[in-house]
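Consider the two complexes below, in which subunit A is the common component and subunit B and subunit C are the respective partners.
For the complex of A and B:
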């Protein structure tokens, strides 16, 4: 009895039990995981566990990539694809934002637009390629069109739902203060819709990257998509993976650029 | 995979053995039911795979003691990949740069011939648009400098342009090849006037000519006979299951000879004559390819009755792809053939 009383009285150190779920930064963890994965992959190939045909070792992929850089074909292919992605994405985004804004603000435009978007969005653009050839030819226009159409509909949806999600009470407050329509649009609706629109950009940028492969099915001489397709047809698996690597690096770059853009444009948050 | 097939085989074998010994001791059970060796063959549903369909339908594989399953593929690229990965044991398709790349990595070996382009057998046509035809493109030799739609880089069509150039003194650099991935897109570009000419399979070429969309300039078989396709298998199959390969090739050759006698024999004037069993074999191929017999008749390719390969052409193909930079320079064409099964 006495013993227990003395222990109760004594100040007992309490273990800190909070903080188990807080996120800590591990800057090297991702890199280490990558290195480990590549090491395992290379090792499996070296030990003969994986056939170089089915899974080319990273060194072979690296050699293929180095070859592309040295003979200048990487730059040639990248330049052609970047032009297509740039023009196609810009056209699709511009059109999509105009239509999306109209649908977000005007109720008539929305009444017409929503069923139309629902009807046209699910059409696979690849199925339309033969038609695109007839409409736009096999030059650059059909490639811009394939990417543009693919980007257009998600942008419309992202834009009008972003405008929808602008807090109504802010708009009503502005209206009751007698702000003109234009200023409400410029200082409340546009900034309020921007996060949603930028999130849409992230999705459409990836869609553009996926569609560049489909677009370059149509008679493309150069282009990273055409390059990947050709390597696949020729069963050059190491070159194929090198092309895929370039595409995913491209995706990473575009994602990083969009993050910078988000940070810049959304300072008001 | 090996584990799965082992268990299935063990279970089936045990079941068959139990049936044969315990349940039906008095009745005579067909011996073959237990002793048939299983094999799969990857084919395309095209008349060029006709001999395989005949061997299967007429029971030539069973006669050799093989239980052969046909595995249908939709594109020529997939079949050698399936053989390389071990999903099927044998394959018959056209020879492409992708095929040679797989062979160069030791994944597949040619063991016999499939069909070949021969004079008088219209398989692939050079078709010019009306506009290009009016502007003076009337002969295959004039394709130099033109825009020609093909399926893909490294395809049989690519080689057909290459070999045509070898005949008329130009290289593929002298033409603009427009790769459009598949025939519908090629036809779309052709009808839209985006190219001067296309290389098209006979059915498509005849349809284009019938629609008045273009003019057939000639046939690849008449201009440049070449080895279109081959029967192939994995080097491992040859090493570990040589008797199966021997049996397969024997059955294949039986069907090949029958096919040749029915469809490939010409009379003294050079016209094709219907050989023995013509209608029955035609029905087999029409059923297997799900095509109307009259369409099948229009595109029946030539096969060598003894499955002999045009070795010189295969060597030329490998050299061509190497000069195009699409196949490893170190590949020796002879190293990817094992013609001991056909005695060539």
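For the complex of A and C:
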């Protein structure tokens, strides 16, 4: 007791015990990891550790990609896929938003809609492609329908959930100032639901990407999916991987565009 | 404008929250409603303002509506109820949007509200950039823009810190000094009621019934003066005695449930 009192009498700096458990930024780490991975892959291929037929080196994939760009096949196939995604996604999104809005604001539409959406939502949409081919023919409309149908249900769900999440106090406030129903929809419900609807776009964009590839693998002359399938059939694995690379770039581009859109439209968050 | 509430009863399913409330709010009067949590204070206000439909009873208004009044009964909300995607001035303008006003008058009403609440330099700010007190000032500016005949205030200061509460109470005092707007002020804070109200209605625990209506004789502007303190302390003690018993019983009922 006496000892500790004597020790404490001399001023001591307080030992630092905080720190740690904080996330620090390592801006170069991700890039370094990519370079390392690609380097290892290239090295393994060159040293004969991996068969170039089954796992072509990154340099071969790059060369195949350059070839696709030069001979115009990249643009030809990409154009076909983009058209299908664009038309299918827009149709499904437009329809889904209209139905989602109706379900969000009308209790009858909701009472009818929720069981129907729950029943149809789990159907793997690609399984309906053969039926759509019978209905609309092997051409573009059956692919538009598959993508549109796949996008429709998640959009409905995202839209009506987004409307549900609009704070009710804001609607009460607007009612207390006597705003008419249409103004409440325009000034409160629509902007309030926008974050949820945009989050839905992110999900439906990736669904559209998966469905376009699957639909093109089942029956299409052009399109990234058809291109990859064809390369696989011909054992051109470098071309196949170049096609996969294009798909990931497409997904990344769509994701980035949506992020830009969110940042622009939702500055208030 | 006067507000008359008669035999008001309200139920949420099996739960009766208000039971046979009779109340008259006189022209130019500030009436505070206090009571324990869940006694139906906010429901009473919602019914008085026509945004909650009562199970039984009647709410009516009489008397002249002032010139330029666009929304006779106007709310000020506890959570401010600002649109986060709109700037301060656009939030104030929301209350005017559906009225056919000349552009100049619309602008003047918005500017007047902002000026009186000291918000002119924040007109382009978004709510997220403002403190709680400033957000409530936007809510008040929005209410002033419609030139209300009666204000219904639902615990307008309870989301704010003590210092900001004091500042906003001063704002309310200035408002009532200038406009004499009739007001129904719901709060659970005795100090707010003692500073701002002419009369204080004490509601019982659920189902809310009127326990007593206490009049504060001291004029509002003199309530911080030393001479007023004896009377205010007496009123405070009376209100607290009424509130305490109700709050304790309400607490026990919640614990039993």
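The definition used in the following text is that the second predicted complex is superposed on the first by the 240 of 269 C-alpha atoms of A that agree within 3 Å, B and C clash if a C-alpha of one lies under 4 Å from a C-alpha of the other, contacts with A are read in each partner's own complex, and residues count from 1 in each chain.
Please note the rule applied: a residue touches a chain if its C-beta (ideal position, glycine included) is under 8 Å from a C-beta of that chain, and two chains touch if they have at least 3 such contacts.
Being a predicted model, the structure only gives us computed values, none of them experimental.
**Student:** Once chain A of both complexes is superposed, is A:229 in touch with subunit B (first), subunit C (second), both, or neither?
**Tutor:** Only subunit B; A:229 stays clear of subunit C.
**Student:** Thinking of the overlay built on chain A, is A:137 touched by subunit B (first), by subunit C (second), by both, or by neither?
**Tutor:** First partner only, subunit B.
**Student:** Based on the superposed arrangement, let me know which partner A:49 touches: subunit B (first), subunit C (second), both, or neither?
**Tutor:** neither
**Student:** Which of the two partners, first being subunit B and second being subunit C, lies in contact with A:31: first, second, both, or neither?
**Tutor:** neither
**Student:** Please work out whether A:261 is in contact with subunit B alone, subunit C alone, both, or neither, and reply first, second, both or neither.
**Tutor:** In the superposition, A:261 touches no partner, neither subunit B nor subunit C.
**Student:** Once the structures are superposed on A, label A:179 by its partner contacts, choosing first (subunit B), second (subunit C), both or neither.
**Tutor:** A:179 contacts subunit C only, not subunit B.
**Student:** Both subunit B and subunit C touch subunit A; at which residues?
**Tutor:** Looking at subunit A, the two contact sets are disjoint.
**Student:** Which subunit B residues qualify as touching subunit A in the complex?
**Tutor:** Residues 77, 80-81, 84-85, 96-99, 101-102, 105, 107, 149, 152-155, 178-181, 184-185, 187-189, 191-192, 194-195, 326-327.
**Student:** Going by the contact rule at the top, pick out the subunit A residues touching subunit B in the complex.
**Tutor:** Against subunit B, subunit A makes touches at 52-54, 129-131, 133-134, 137-138, 217-220, 226, 229-230, 232-236.
**Student:** List the residues on subunit A that touch subunit C in their complex, please.
**Tutor:** 169-170, 172-180, 183, 187-188, 191-192, 266-269
**Student:** Show which residues of subunit C lie in contact with subunit A when the two form their complex.
**Tutor:** 46, 49-51, 71, 73-75, 77, 79, 81, 83-86, 94-95, 97-98, 126-128, 142, 146
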